[in-house]
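In what follows, subunit A forms one complex with subunit B and a second complex with subunit C.
The block that comes next holds the complex of A and B.
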């Protein structure tokens, strides 16, 4: 799966669980500061991403996923 | 004499007079109403007076439940109190309640499984009645969480409140009215996720980990509770989960097949998280509101520190 495909998948999740406008989603955007995704919404995003992409994202790792690009890279590594 | 089961015959609750609003909290720590409401759904909570103890609140809720039952102190032979915040450990809170109400010689037990304590306590009362070791029990959840709250921690101090809730159960041979067999358990490998320990005597939790556990692992357990009660989730008249966080309640509820008419308790909005008191408090208000018909199935589900969980279906008194 390409980075663009992963980003689009994440964008769908962000729209569904946190009401983020897909036009705002880019790799350099911070979940907290730019997209207004709070810590609990981030958990919902992670849970949905695990289901969608078949990866495991432990709680310890969630704190390191600061930008959309961080999450894309983590999912890309599988 | 034993009975085939036990049934809930009355409820009662107590909350301290003092209201602490989000605006009040904004003057104490760096927070605001919008932040609190969007994160946890709480608008206000009740705070016990400095000299008001867990036992004092338990006594008031128990008095109301007993008065509503139509029975007197001589008719009660078991008092069981769920609490995680009683500072006095001996005598236990159950003995204080029994003494205050004039209940002469009950089995008197405190239970600590944190936020699931009330459901564990109800299960033990149910079992005692089934085997004939009790005939009528007062089951109470009472907490003074503000005594174990870190008022400098903006992520947690907005959550907690003080309260007590109680109910009376007695034996029944009518399976249609009986409390269902409990589904209970724990996740001891996650013990460190919610803590009130000697070194840091305040409630400390890993919020994201708790949130993930609650919103992903609990819905199947709630389904198991319904299955053990031989009731479909879609047939429930009400769902009263531990009032931890409105987003957890909604997160669990959206994974379950409730009917549109099912009342989902959201007392957290006005009471905050009151640990073992939250379910009997919300249940008591729900029953007193008259929104649920007598005999209709209500699913209770507690979860929290330990981690522990427990639930059962009762019939509305």
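The block that comes next holds the complex of A and C.
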């Protein structure tokens, strides 16, 4: 799966669980500062991403996923 | 003494998505009760309920809906209407704004839904919003947050007396000077398998499954229990000087209220309505009016064999034989924690419009019904004062007395 495809998948999740406008989703955007995804919403995003991309994102790792690009890279590594 | 007035009303009920449509249907004598078509209901002994006329999903944005239990969704909808109706300005001092908003059961549907997820998919899939969705103070907290209320956000929980009690506490909050404005009300949305089965096991609900619209029939000889409903009501209460200073429209005065407890039984009403009667008397005494001037009572009247008649005794003893009763649960079903707020709105509008909504399905009155009821047709009547009562499992009694502004 390409980085663009992963980003689009994340964008769908962000829209569904947190109401984020897909036009705002870019790799350099911070989940909390730019996209208004708070800590509880982030839990939902992570669970949905695990399901969609078939990866495991441990709780310890979530703190390192500050931007959309961080998440894309983590998922890309699988 | 500080006078407390009502300046805003909001509701979403089985009869309509707002106060105007609900009131129109109440006066017209329409039933909001229908058959439950969902699969989960088909094995239940009770397969009827009064479901919301307008789904919250038609009103609130999708992401908002995801994070709120259904009871919180409708609390918010009712409060938004009441707030807009009151016309309060954005510069209201939020440290002088309080909320008293209750629910009888809280987020039971969320609890059950998330428990299914826990069982089927494991703990990681349980929503991080589970706790704020199921906590019984959730509706109060959501309303308080929406309007940044900082004088105190409170959540009385007294089963079916909840939102009549909430109005009483909110009025007290203003009287003792802790707030200038308070949003009071209640919400309930527990039409689901477990709550329905629980009430059915108590034999508290009507099993007239083949004739839903005729199932809720307070004071009728054929009554066989209450009909579960879902809905929310909200009232903006305000210190009179505060309301007058901003030129607000005043619907009614919260002239008095009474809160008592039976000390009798966990679910059975006291057949003499001693505790309920004391609540009525306390409301009248606080208002300082002659009981004869109370022309109307919107009664608790759930359509259960014992409760309906006990209340008649209480009203007759404490208010008198002149009073005209009605039981609007005949149309809305029993909104549990939302009942007192929605019925108080009906009581206020009865004073405001000079018309008492009917008690439908009262075809064959119980011989013990010794008071006049607006049976089957609305009754035009000029009212100076009218009361709403609410009694809840646990022996909680509330009476709220409203007068003309």
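The rule we apply is simple: the second predicted complex is superposed on the first by the 78 of 78 C-alpha atoms of A that agree within 3 Å, B and C clash if a C-alpha of one lies under 4 Å from a C-alpha of the other, contacts with A are read in each partner's own complex, and residues count from 1 in each chain.
One rule holds in what follows: a residue touches a chain if its C-beta (ideal position, glycine included) is under 8 Å from a C-beta of that chain, and two chains touch if they have at least 3 such contacts.
This is a predicted model, so every value here is computed, not measured.
Of the two partner chains placed by the overlay, only subunit B lies in contact with A:62; subunit C stays clear of it.
Of the two partner chains placed by the overlay, subunit B and subunit C both lie in contact with A:44. Of the two partner chains placed by the overlay, neither subunit B nor subunit C lies in contact with A:28.
In the superposition on chain A, A:19 makes contact with subunit C only, while subunit B stays out of contact range. Residues 40, 43-44, 47 of subunit A lie in contact with subunit B in one complex and with subunit C in the other.
Those residues of subunit B whose C-beta lies close enough to touch subunit A in the complex are 38-39, 206-209, 211-212, 215-216, 245, 247, 251. Considering their complex, residues 17-19, 40-41, 43-44, 47 of subunit A touch subunit C. Chain contact summary for the complex, subunit C toward subunit A: residues 61-63, 66, 124-125, 127-129. Interface residues of subunit A facing subunit B in the complex, by the touch rule stated above, are 38-40, 42-44, 46-47, 59, 62.
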